[in-house]
């Protein structure tokens, strides 16, 4: 039950993109088409779970025992980047189908606030391993949800007669704002 | 101090582990990715217009890298892009494709051509054409709905007051979108140096053409006879120019009794052809 | 020299990180609830940007291509952590307000992007100018957004109350939806302004041409 | 006879009488009883806020279009509906300038920046309302008793101390238009009768709330009648522009609104979730449309 | 009260059938000159058998069927061929036509009738249908001979006789059913025999009580059932009819025969009866001349090839300034700009709308009211397909079923924003077909 | 040197240098950071305990631990064994003024951390300070205002503090107001008891 609450809380109440402002760049960049945003969402979710696991291990087996918390940011980002790169190489070589559907997004994700933010947050909130994983998964799902919703709207907006100065990023930001407004109804729920 | 050493050692360890891992992985999972694809894609204009016949710039880049498309495959980019790509591909053949521009082969606008009905429907030539062949008296002529103008991705066309499309040749990239869109096949791509055009596409007999249009080709054959290079032939009631032979000498222009043939300023005679 | 100034100015408008290239959006939206927060964040980022650009430009010959990215990340992360601790020590309130977004400077695309695209290819001095331009661009951007949100959302600016009595703050501007919408509207304004500028220069060119 | 050219046009050659303007005016007509009830209960405040909202909505639409040098299409009536709905969703004691601001935002941020009528992904009136709530929370949650200007602490949804009859007729504190279930139902029936209202959304919405209230042991009738649920389900969730176009999609939309509303009402920290439930489902609309395409005639039918 | 048969979708336009509903069918004298296009049907145009100067008799074959999907064409008057040349036809194009000057004799070629045609074998019936050049008179003008020859593996169980005449204004089928009930039923029986159908169902819209009554009175045998259809356009659409009457669906991109059904118009049945009984080819048909722009609306039996102008003159000419002259009904008919075009086999009426009725429709932005989705009788999303078509996204349009559109026009009719949905969908269909053609070649 | 080896060596060296540097930064700033934290803590303790000029930390072991908090979404690890920190405020003479403890409530935006001060003798609340919160600026954040916080002064364990009666809500921020009120209420008696036990044991 607590895991469920944590999950729901991370997905909708404290949505990574719309409430926490993490991962805005890919959110704005890759939300032009529903199909790509699904791929991106899945890839991000995967990386987030992996990052949650990796950072928990580092924190609890290296940084804390050796009293090296000041190396947290550095070690997290390094390990995540390396891991993602490994996975990407692996997919490219071994499972080309999956690579084409999802792998091509991986390099985009490596150096992205959402993933590092997730790792740091999980540690700062002293989640245990299970919680970290649920948190990572929830964050990924929340990111995916926001991305797909945005993509659905933006595909429609392609056909709309939007004033010229607002075309592109400006209208995307306003849409994101209204989306965030819609999500704000959940605020304080959990 | 002790803590500093721990930091030194553990970061060193991390560095080793990661770099060794990456080195091994890079070898083990190496996939031959053609770096040139990336470079070519950057060199391409990135408008994704599809004029090259591929599904966007990326696809063309892949095709060029694989040798399935020529380095000058992008008609939009022209010589600059072609030579850049040629550099990347290491081939010397940076010859730009001949720059072609769109020419509208109909002169019968509102003032010259008759209407056979009052059209009331979507302002789209393709739709007009489906609906009983449209409202224009001439069933070969421009419908004036401006679909070509709509589809041009480079804003290289506009409709004039006479209800005919005009190509702004400096802006036209020869992408051919308008050619494809025009339901009457009135637009063709022609090398930009050619400055004489027979602006009519009607295969109707001269008598019928006269009834519906003041400037339509009546197949009187005067231009055919006048042309010193045999560049004009009249078949199926219509005079057409073989641009490969045309030298832009302009002799035909004056003889046309209905002024179907039009010359463009600033496009001089092509002397080289005369010799050959 | 001229080109160097141009490169420097580029970051301030033509390739403005926030309003043109749209990178580093997370801090741009998250911490600009007040002018001081936005400015603090931007200055911290600028510091890291300049330092890492300098260092990477210096080290560019030494670092082999294969480990380029991890090496840059280490350099950047080192500076970020340094800033993190310095701020915690000397500006604890600001540190508190910016929260997790300070360590997240590591992944700010401006920094790695500049490192990749510029510093790894250009001489040290040029890189520094480029970084300074970008950083200042980022700074004025974030300060502007922060000021607007603070002024309308709380009636203060840099913490000083400037609103007349009876002013009811437009609180949505300090909330997440307000952040998105403010930036969206600002972006539209920037587009209008640069359109106007482009028009004017074109008109000028035509005038001189004729 | 030859002189006059005949008209050439694609079939069909006849069109239904209904136009977009008529549809919008029908909604306005359906809102008249609601406004009348609001004026009866809240007096001048009702006239003041609704009128101001309408004027500002129509005015800002005209202004925006004028700046864009587009045809001024204010006579299509959609801005009128938006303004009226926004006005009716405001608390009676709200300062006029806030209504002006909300109405302006509804039209400009909620609608015109997306390209005007038909292009907005979110319900403009609700965008306006949500922005007001987020900005002026206390003013937007300050209620007055009907027939007086006395400020009361809470709406029946929060206080929970009024009879069904009061809820039904509307002698309770609340937003201008939301209090009288009777007037809303009157308008709703009229809309349905005129074919403007698709029954699926209100039925799905109210049905879901009823079922879930029952499941969670709440007073079903009370949940349905209190707050702005009825008003929103009849007039706002049904906004065509921002709700799905497929039949199945409209069921999903209605049910989704109900789910979110219940979630917020029972577990959220806000007393009322109507605005957010509809806005959230608005966001889902493009996806719902995409994933609930009707089966085409003959599709999947095997040869006999 | 028997329950009327219904289907999903459709619209309720003003039917306006009262204008001609009580007007008996008048025989229109043959005109001085007829123009008989050689392509009046779906499929390959007929090949001309006569040249300028030839003299021809009524019922003489002047165009030979040019393949399996094609139909013969016959002279509808006797006289001299004055031209074989392209002439404007109702589809707006010039079509190779035989122009015959009427000599007023009405001399007929010898026609081999049969006193009790029901005795004919199914092969003989089919042969007579083919020889008579019969095509579907319901609108599509598909050669009936090809239609009654079901494709391999299809067993026809039901013959549906389509007497719904759901197009507003038109009353030709209605009058035909009322005045020639017997022949229509005979034709139905012959068609059933020709295609091997076990059961005949005659479907008539419930707003034609007289036709229903007469049909029911004569249907008699239990092999023939007469059902009342919901009064809704397009109840007469083949697919909608099958769904309403039999609750079956024709497979997508398939033929009715694949669900065991053959649908024929009442006029077609009548023509089949005449071909078998009198050996008369398809040289005349019943049409309705109506609309507020015509002086004396009426139902006429006219010769194929009669120019519109003659018919309009016979009906008293225009009432005031004409706006639109439409070949067919207001929902699917084709607007004409040239009154010299002739009546062809597939045209059920001439509708003249005055200037008052033909107002311009200025499209407004779509408000996504989904009425078009609700009324589409093949359950498409017209608004979505329109959007794709306007943006030249043909693949997406195809994916959303553009090719399944039956062009009934319900979506455009109902749209409160007066959008030209069908026009764009039609464009999408043309472009998709073009792409498919290019792909296969 | 071959390319791979070079990669490994360079990366390792850079990593090591960075580690070393950061260790230095950490040590250089450590004292100052700790001092800052302590000052912040001290400030809020002294604000909650008027009259105190200094404080000391008492570890207490409340009976049964403090109540679980749904905000943190997790059970507190071994709340029985974990000591509760109480801060005893001392006046100029070093005499106890009272004690302060930290409690948490769930507000509109998230967790609100509150420092509650209790008078030594009267056992009534002497002050409340908000340590951390993420409430909406200008709405929920008004709980930081003195006018709101001062309402708690003088309240005690005798009868539960009720929102709306003892404490005026902040308009439009019921959730935040309630969170603070409930949090203060909930732990008050427990903490008081633990404090009493702790000082008697000493």
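A, B, C, D, E and F label the chains in the order they appear, each numbered from 1.
In the analysis below, contacts are C-beta pairs under 8 Å (C-beta built on N, C-alpha and C of every residue); 3 or more make two chains touch, one makes a residue touch a chain.
Fair warning: this is a prediction, and the values are worked out from it, not measured in the lab.
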Please identify the chain with the largest separation between its CA centroid and the CA centroid of subunit A. E
Top of the farthest list for subunit F, CA-centroid basis, is E
Contact tally winner between A-C and B-D is A-C
Using CA atom averages as chain centres, what separation in Å is found between subunit C and subunit E? 70
Cα centre of subunit B to Cα centre of subunit C, whole Å, reads 42
Roughly how far is subunit D from subunit E, going centre to centre by Cα mean, in whole Å? 46
Length of the line joining the C-alpha centres of subunit A and subunit E, rounded to whole Å: 60
Could you list the positions in subunit E whose residues touch two or more of the other chains? 334-337, 358, 361, 420, 423, 426
Residue ranges of subunit A touching at least 2 other chains are 70-71, 74, 78, 82, 159, 163, 166, 171, 174, 178, 181, 184, 187-188, 190
Could you check subunit D for residues that touch two or more other chains and list them? 5-10, 109, 113, 116, 119, 131, 134, 137, 139, 269
Taking the complex as given, what residues does subunit F use to touch subunit C? 3-4, 6-7, 10-11, 14-15, 18, 21-22, 25-26, 28-29, 32-33, 36-37, 40, 136-139
Subunit D to subunit A touching residues, read off their complex: 68, 109-110, 112-116, 119, 121-122, 127, 130-131, 134, 260, 263-264, 267-270, 273, 275-277, 279-280, 282-287, 290
Touching subunit D in the complex, subunit C uses residues 168-173, 175, 177-178, 181, 188
Flag every residue of subunit B that touches subunit D in the complex, lowest number first. 115-122, 127, 130-132, 134-135
Using the touch definition up top, name the residues of subunit A that touch subunit B in the complex. 62, 66-68, 70-71, 74-75, 78-79, 82, 85-86, 89-90, 92-94
